[in-house]
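Both complexes below contain chain A, partnered by chain B and then by chain C.
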Partner chain A sequence: TAVGLKVNDGIVLASERRLSYGGYVLSKQAKKVYKINKFLMAGAGIYGDLQTLTRIMNVEIKYYEVSTGKPISVHAAAKLLSVILYQYKVMPFISEILFGGVDEKGPQLYVLDPIGSLIEDNYAAVGSGARIAIGVLESEYDPNMSLDVATQLITKAIKASIERDITSGDGIDLAIIDKKGNYENKFIPY
Partner chain B sequence: MAFGPAAMGYDRAITIFSPDGSLYQVDYAFEAVKKGWTAIGIKSKSSVVIASEKRKAQSLLDVDSIEKVFLIDDHVGCSFAGLASDGRVLIDYARNIALQHRLIYDEPVSIDYLTKSVADVKQMYTQHGGVRPFGVALVIAGIDKSVPKLFMTEPSGQYMPYQAVAIGQGYYTATEFLEKNYKEDLNVEETILLALKALSATLKPNEKLTPNTVEIGYASTQTGLFLKMTNEDKNMYLQKL
Partner chain C sequence: TTTVGIRVNDGVILAADRRASAGFFVANKMVRKVLYITDKIGITTAGSVADLQFIYDVLKNIYHYNSITKYGPISIKGIATRLANVLSATKYFPYIVQILIGGYDDQPRLFNLDYLGDITEENYVATGSGSPVAMGVLEDEYNPKMTLDEAADLAKRAVFSAIKRDSFTGTGVIVAKIHSKGHEELEFYLNKKM
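Up next is the complex of A and B:
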C-alpha cells in the first residue's frame, strides 16, 4: 500500500514495508518510497518491477538534464514515466505508481496505472490496502492543511490499511518535500 | 594526384584533414552558404525576429510560393542560407525533434536542445565516410519559457548563440550594419524594423524590399508563439523603413 498527498505547502508520500508472496512475508524491509532526483515515487505491485522503474527513471532524468542543460519539471518527469509504462504495454510493469515533486509550478502529485495513464490529483492511494487508506484521506483531506498535519493524516491512512489489510505492515516509510523543495524522510515503526 | 595542385588529395574524402588542419569539403560547404539568399536573425529583450530575402533567380520562378521562413513548432521558427534541399531535410528533422519532445515530456523543446540536435546531424556528415556535409547554415529562433533565443548552425556542426546574425550573400554587409545599429532594448516593432533595415542594407541601390521578396517570422515574449507575418503586415512595416 502506498499513499500520496498534495497540500499547498508540499507533498507527502508514504508506504508500509511488507513484501508478501501470498500468505508468506518475504521481507519486512521492503522500501516502496523512493527519492528519484528531486522527486518522490512510491508504488505497489511486483517489487522487481518497481525497482527497475526507479532505476530507469533515475537514468532517464539524468539523461534529460545533461542533454538539455536544465532541470526536468515534475510534469515532464511524470509524463516520461507514463511514456515508459506505455511502451511496455504488451508486457507491462505490474505496478501502480504515485509520482510527485515540487517545482516552480508548486507541489504536484500524479497517479499512474500499469500501462501509463497519467492523472494529476490531490491525494491518492494504490495497492492492496488502498481502499482502506483512501477512506481516511477522503474524510480529512484539506489542501490548506499544514505539511505536519498532512504527514499525520497520511500516517493514519497507512495505519488503517495495516490494521485491516493482511498484506500490509512492518512499519511506515514517509517522504516529504516542502514547497521550497526541501526533502525529508522518516520511518515510523507500526 | 602527384601532379595536381597542392590541395589535391585532401578534398576527395571529407574525412581527411589537410596538413593545415582544415576539411576542404566542409570549407566548400561554407561557400555554398555564402551564395544563398540572405537571412537575418535578431534577438532583443522583447522578441526574436527572422527576416529572409527571396530573389527572382529565374524570370518564370513563382517567388510567392517559395518558403524561406519555416515554423518548427509553436514557439520556434527557422530560416537558412545555402542549398535549399539540404535545408529542407534539416528542417524536417528539427520538426521531428520538437514533436518528439512534446510527445515524451509534454513540454515545448528548448531552443538550445533543438539547435544542438540539428548541429549534431551536421557534425556527423563531416566525419562519416561516403557522405557530404550539409551546404546550409540555419538560423533558429524561438522563445524558451518567455526568454528569446537565437542560434545559428554552420555546415561544420558548430552552433552558437547570437544577439544578431546574418547568413547568405549579404551576410557581410548585414553583419556590419547590425554591429553598428544593434540594441538589446527594443520592442517587437523596433526589432522587426531593425531586421528589415539590415536586410535592406544588403540590396543594390536600385533594389527595394517588397512584401513578395521578404519573409518575416517573429516571436514575442508576450505570446511565446513564433508567427509568420502576413503580406499586409509586411507592407505596413516596409512603409516605415
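Up next is the complex of A and C:
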C-alpha cells in the first residue's frame, strides 16, 4: 500500500515495507517510496517493475534537463512517466504509481495506472490496502492542514492498512517535500 | 492461521494465533482458536470458521452424550476417532477444517485430524497456512524430554515465527498448557499495546 497527500504547504508520500508473494512475506525491507531528482515516487504492484521505472525516470529526467538546459516541472516529469507507461501498453509494467513534487506552480500530486493514465489529485492511495487507507484520508483530509498534521494523517492511513490488509506491514517509509522544496524522509517502525 | 500442538511427558501444549482472515482482508484481530471440550481436553482450529464452530458443537455433544450414557466419560482417542468418523462420512461434501485434539486423560495425548477423516497421533504438529514456518521451528527444537514450560515456550516461538513470515497469521498467540490437573493459559502479543 502506498499513500500520497498534497496540502498547501507541500506533499507527503508514504508506503509500508512488506513484499508479499501471496501469503508469504518475501521481504520486510522493500522500500517503495523513492526520491527521483527533486520529485517523489511511490507505488504498488510488481516490485521489479517499480524499480525499473524509478531507474528509467532517473535517466529520462536527467536527459530532459541536459538537453533542454532547464529544470523539469512536476507535470512534465509525471507526463514523461505516463508516456513511458503508455509505450508499454501491450506488455505493461504492473504498477500503480503516485508521483509528486513541488515547483513554481506549488505542490502537485499525480496518480498513474499501469498503462499510463495521468490524474492530478489532492490525496490518493494505491495497492492492496488502498481501500482501507483511503477511508482514513477521506474523513480527515483538509488542504489547509499543516505539513506535520498531513504527515500524521498519512501515517494513520498506512497504519490502518497494515492492521487490516495482510499483505501490508513491517514499518512505514515517509518522504516529505515542503513548499520551499526541502526534502525529508523518515522511517516509522510499526 | 497457525496452530501448534506438542506432547511431552507432563502434558500437552496447544497454541494458536488470533487472526481471522477473509481472503487478504483481516476480518478479526482477536479470534480464539484454542477451545476446550473439558478442563483437560482442548482443540485448536484452522479452516472455515462456520464449519469449525459447528464441529466444536459436535465435539462437545459427543463428549457429553457419552458422559450421560452407561459408557461414562470418553477417552481423548475416543473423541478423536468419533470426529474422524463424522469427517469421513462427509468426505464428498467436506467440512473445511484441520483440527488438533489434545489433552490429558490417564496420559498426555495429541491427535491431528484433517478434513477427509484422517487421524494421526503426534508428538508435535502444526496446522494452518503458517504450518510450514512453525514446523521448521518444531522440527529443529522438539525433544520428548522437555518440560511442559519449555514446550509452551517452543510453541510460542513457533507461532511467532509464523506470524512474522505468513501473512494469514497474526496479532499474537494463545498458549494452553494441559496437564493432569487441568489447564493454564498464556497470551503473547507481537504489538505490546494489545
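The criterion applied here is as follows: the second predicted complex is superposed on the first by the 190 of 190 C-alpha atoms of A that agree within 3 Å, B and C clash if a C-alpha of one lies under 4 Å from a C-alpha of the other, contacts with A are read in each partner's own complex, and residues count from 1 in each chain.
Note that in this section contacts are C-beta pairs under 8 Å (C-beta built on N, C-alpha and C of every residue); 3 or more make two chains touch, one makes a residue touch a chain.
Bear in mind that the values here come from a model prediction, so they are computed numbers and not experimental data.
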With the two structures laid over each other on chain A, which partner does A:68 touch: chain B (first), chain C (second), both, or neither?
first
Once the structures are superposed on A, label A:128 by its partner contacts, choosing first (chain B), second (chain C), both or neither.
second
Of the partners chain B and chain C, which touch A:25 in the superposed model: first, second, both, neither?
second
Using the superposition on chain A described above, determine whether A:152 touches chain B (first), chain C (second), both, or neither.
neither
If we overlay the two complexes on their shared chain A, which of chain B and chain C does A:58 touch? Say first, second, both or neither.
neither
With the two complexes superposed on chain A, say which partner A:83 touches: chain B (first), chain C (second), both, or neither.
first
Between chain B and chain C, whom does A:166 touch in the aligned arrangement: first, second, both, or neither?
second
For chain A, what residues appear in both contact lists, the one with chain B and the one with chain C?
none
Would you pull the chain C residues touching chain A in the complex into a rising list?
19, 21, 24-26, 29, 129, 164-168, 170
Please name which positions on chain B make contact with chain A in the complex.
103-107, 110, 112-113
Give the list of chain A residues in touch with chain C in this complex.
18, 20, 23-25, 128, 163-167, 169
Give the list of chain A residues in touch with chain B in this complex.
64, 67-70, 72-73, 75-76, 79-80, 83
